[in-house]
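There are two complexes below, and they share chain A, which is joined by chain B in the first and by chain C in the second.
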Partner chain A sequence: MADEMILSLDRVTRRFDISKPLLNRMIEGVGKQYLTATADVSLSIARGETFALVGESGSGKSTIAKMIMGLMPPSVGEIRFDGDLIDPRHGIARATRRRFQMIFQDPFASLNPRWRVGDIIAEPIRTFALMPKTEVAGEVARLLEVVGLAPRDAEKYPHEFSGGQRQRIAIARALSSKPEFIVCDEPTSALDVSVQAQILNLMRDLQDAYGLTYLLISHDLSVVRHMADRIGVLYLGRLVEVAPSADLFAAPQHPYTRMLLDAVPDLTRVGARARAVVGEIPNPISPPSGCAFHPRCPLAQDICKTTAPEARSLGDRGRSVACHMVDGAA
Partner chain B sequence: MSEPLLSLRDVVVEFPTRRGVLRALDGISLDVNAGEVLGLVGESGAGKSMIGSAIIGLIAPPGRIASGEIRLSGQRIDNLGPSQMRALRGKRIGMVFQDPLTSLNPLYTIADQLVETIRTHLPVTAAEARAQAIALLDRVGIPAAAQRIDDYPHHFSGGMRQRVVIALALCAQPDLVIADEPTTALDVSVQAQIIDLLKDICAERGAAVVLITHDMGVIAQTADRVAVVYAGRMAEIGPVSDVIHRPAHPYTRGLMGSIPSLREERARLVQIPGAMPRLDAISAGCAFHPRCDVATAACATTRPAMTHLVSAQKGEQSADRFAACLLLDHTAREGGEHGG
Partner chain C sequence: MMARLSDSLTRAYHSDLAYNFRKSPVAVLAALVALSLVLAAVFAPLLAPSNPYDPASLNLMDGFTPPMTENAFTGNSYLLGTDNQGRDVLSTILYGARLSLFVGVMAVLFAMLLGIGAGLIAGWRGGWVDTVLMRVADVQLSFPSILIALLIFGVARGLIAPDQRDTMAIWVLIISIGLSDWVQYARVVRSATMVEKNKEYVQAARIIGVRPVVILTRHILPNVMGPVLVIATIGLALAIIAEATLSFLGVGVPPTEPSLGTLIRIGQQYLFSGEWWILLFPAIALLALALSVNLLGDWLRDALNPRLR
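Here is the complex of A and B:
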């Protein structure tokens, strides 16, 4: 793709050591155990786009978000933000760190209940020393108006606000360091649909106004459809398909993506029944051999049980699929 | 129409507090027919779950049903004593709750819990109850039910646990199942399995279902009729395709517009300004009028009654469609109130 890439993940793997203590291992004669939360994920996000990661619980969505935010290092592979390596083991330059921010799922947990809203929003400005102290209050008032709250709300505490208003405060805080890239981890899952619509509309308006790039993490496919330009589908920590949003919903290629789209209940299908996905997501501690999806896959052949498929490009619209059974000519 | 299986008439639930009495439910009337799936939708705090609690008599004190009546097959159940109510719960009304881990006792095997419930309500021996339990687990899709029945709840995944809970709710062959957010704690791929199962198994046993959820997608694919609840009051009730595609109440319209669709591209979501009022701050007149984009002066003073709608195309009363709004299109309106 010709667009300028703002973020790239190159074969990123993250393992967690979940072994029993040494003595137990010796007594029980068991070895070390690892949980692979993210396996060999490569993707890049272009400046100004919304890239969404979808997947079920335990598919590694949030692990990827944490690594991108520099909150944990990848076990293998590297993450680069506009060319700079993001790895907490090597430290991240403040000038770089200012440029990406995060919005969390639960606005009841992500705001310090003992701080005034004005201080919450001003913290990134103060931390990064972005402006003289005398101007901070004015900037906070401006940010509150940008997200649809009143400047006088700076004096209040988080408990005085509803869930949707709190999420607006969290967005104002994320915007205060003038970032270019925002990771939104399930930004509306804790909200009611009518409030969700307000927040999604606000996120789009802000993207238009400031040229923001979003990484949207969600399990809600209709939210993803509404917001994303491109979508990556995760299954058991593996990226099984990446495609432009319209293409993915029009013609999902990977068997898992197809199952997932068929399973989601939707307003437009009154009375129609969803085709249920067969089986459940396997235990990530001992994932199936070969392609992780093969035990649930209707198309699985012998090769799927032994060889993990590599991501292959499909067409010229930046689409890729990791499946032995999907025809490259599609 | 024959007598409905479940009928609520002007049910009011109140919670006395130090600052005054809060009305959690205010004049809820609805009917559920045998074998039907009625969806209850609304935002958090609208009172969906409170309706479920009122039906099964599990409103936490000091909350109480202050007025109105609830009938099951014509018999009043809102004024039963605790022991009579206990005999009814599980036997005639089954329940499926949101979190399958908390609705199973972690210290007892699945067999213990199913056999206990079956024997509490049905006159069978322990061996018969166990055989029934295995058949039921098999029916709800637990593989190797005869072996798995002796496992503990923690041996099962979330989806499998919810299957066990459904088996538990159905084991005494109830006439009515109340399912409160049965799939909210589950992943989408498993959610569809559970909804299909609940719908199929209730249909084959002729049990009616009251399905409480905030997910309109689930309602669209499962329910026969849907009731929209706002601030403890009924906004609209009707056949599911009518309510979704031709909502009559402005709140329902806003709600449907605010849901992103999987299959239609929508540039901008409809946005209802503000949020649902707290129970101690419900305005006079129509509870929705401060957020309503078509509200008139009358809406602030006059509380709208549930009004029978007339189908716009045919000019005849469409079965079972009611909405509570003063501004319903006059052609789509018929005089009578939703009385009895």
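Here is the complex of A and C:
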């Protein structure tokens, strides 16, 4: 890919120490325990595209979002935003922080209930001192109009708005620092279906208007299909397949991706029963040996139980799959 | 600015809390009693018939005058009688309530400051900081608070020069009561902080690099103040009683500037010789003050508890 990469993750692993306290470990004679939330995730996101991460709950989507936002450091590997290392242990330059933002899943928790909407939207402007104090109110009014709310809403408190309106406020806050890159963590999953499309279309319009890059995190494949240019499929913290959106939906390669897509109700197969996803995601404290997916995989062979598959490129459209059973000819 | 203020006032009048208040006769009555006592105490120098702190205005011959009776020697008459030194009981009650309220309010503010600070830090940092702070709180809670106050009072008396003891007594009292009460605030603020810090609005602030001090004071503190105000109201009644107890035990404010507790201590010496008014009226004043503040606190707690609506 010749496009300019705005974000790159290089073999990022995040482990959480979930051990019991030292005293309990000594008394019960147990060692330290770790939960691997993401393992060896490498991916790049090009400027201006929408990259979607999909996966079941517990697959590490939100952990990746938090690491990219600098809320927690990776245990292994590094994250670079336009060349700058994102690692809270080393501190992140204010000039870099300004350039990325996040839209959260729950618009009822992402806005401080004691703050007026105007102050909420102005917080990034004030924190980064982007403009003189006298101009802040005007900018807030402009942002409110951009996201489809009225300038006088700045005086109100969040509880006076519906879920969809609150998500618009959250989007206005994310836009206020004039970012280039926005992580959207399940931006519509807490909203009514009727409102979801409005918010998604607003996000697309803003992307066109400001040249934004999105990392969209979702478990909703219809949302992903509507929004994404490229899709990465996560399973148990491992990236099993990355492919352009159209290719992925047309011809899923990894057995897990196929299982996910088969579970989606399809209008072309009216009457046929959708095949449910088989089994459950394993315990990330003691993941299966070899390929993490092998206990649920219909194609599993002996090699899958012993050796973890490396991601391999497929074709020339930037597609990659981590599976022993998928050959490059596909 | 004025528009915002009147806007907030209208909002406050129409809020659930104000509605709940108007519908609760106990709360309205308690608020009226508390408010009139507080006003009487604050404006004591204007309301009181005499200044009990001014030795020159006192006449020992006036001592032990019963309420609304002419004194046999001087012919003076007092609404609530006089005490052993000829001080007008009504005036000493007004000045005493002023002192009791001042000590109570300052002690609560001091306890709040300590408790909120410790609670915010423990809840935000977690880990060993949290463990250390909360173990200290546990140890402190295993002592009766009046014992802690006595202990601090004793230590302070040893440290302060004898000629300054009387002037410093009030501040020692405030610190003693405050130090024995901070634990409640710390616990409530800590648990509320632990809930709030994981909410997405805090993450949003962390992403743009807002400093932890600013996040704690501007984002989290306003969201944990509800329960703190409830404890503070009930705590005020407890602090007033604690001050009275300490003064009654003779370790509080000096008899020359009596608080309600000191007055009760003076009064109980004369109860069995028939001079009942010296004890009774300060005791009623203390009861009314503590009870009304306590009832207000109880109402506030219930009104802010969504499960009891």
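Convention: the second predicted complex is superposed on the first by the 325 of 330 C-alpha atoms of A that agree within 3 Å, B and C clash if a C-alpha of one lies under 4 Å from a C-alpha of the other, contacts with A are read in each partner's own complex, and residues count from 1 in each chain.
As a working rule, contacts are C-beta pairs under 8 Å (C-beta built on N, C-alpha and C of every residue); 3 or more make two chains touch, one makes a residue touch a chain.
Just so you know, these numbers come straight off a predicted model, no measurement behind them.
A.B. asks: Once the two structures are overlaid on chain A, check if chain B and chain C clash or fit side by side.
C.D. replies: With chain A aligned, chain B clears chain C, so fit.
A.B. asks: Could you say whether A:209 touches chain B, chain C, both of them, or neither, answering first, second, both or neither?
C.D. replies: Touch partners of A:209: none, neither chain B nor chain C.
A.B. asks: On the A-aligned overlay, A:124 touches which partner chain: chain B = first, chain C = second, or both, or neither?
C.D. replies: The second partner, chain C, only.
A.B. asks: Report the partner of chain A that touches more of its residues: chain B or chain C.
C.D. replies: Counted on chain A, the partner with more touching residues turns out to be B.
A.B. asks: Tell me the contact category for A:70 with respect to chain B and chain C: first, second, both or neither.
C.D. replies: Second partner only, chain C.
A.B. asks: In the overlay, answer first, second, both or neither for which of chain B and chain C A:92 touches.
C.D. replies: The second partner, chain C, only.
A.B. asks: Roughly how many degrees, to the nearest 10, is the angle at chain A when you join its Cα centre to the Cα centres of chain B and chain C?
C.D. replies: Computed angle, apex chain A: 80 degrees.
A.B. asks: Who does A:105 touch here: chain B (first), chain C (second), both, or neither?
C.D. replies: Second partner only.
A.B. asks: Given the touch rule stated above, what does A:56 touch, chain B (first), chain C (second), both, or neither?
C.D. replies: first
A.B. asks: For A:113, using the defined touch cut-off, is the partner it touches chain B, chain C, both, or neither? Pick first, second, both or neither.
C.D. replies: second
A.B. asks: With both complexes placed on chain A, how many Å separate the closest C-alpha atoms of chain B and chain C?
C.D. replies: 12
A.B. asks: Mind pulling up the chain B residues that touch chain A in the complex?
C.D. replies: Listed in rising order, the residues are 43-44, 157, 159-160, 187-193, 195-196, 199, 214-218, 220-222, 240-241, 244-245, 254-266, 268-273, 275-276.
A.B. asks: Give every residue of chain C touching chain A within the complex, in rising order.
C.D. replies: These residues of chain C touch chain A: 199-201, 203-210, 219, 222-223.
A.B. asks: Mind listing the chain A positions that touch chain C in their complex?
C.D. replies: 66, 69-71, 92, 94, 97-98, 100-102, 104-106, 109-115, 123-124, 127-128, 170, 173, 177
A.B. asks: Along chain A, where are the residues that touch chain B in the complex?
C.D. replies: Touch list, chain A to chain B: 56-57, 162, 164-165, 192-198, 200-201, 204, 219, 221-223, 225-227, 246, 249, 259-277, 280-281.
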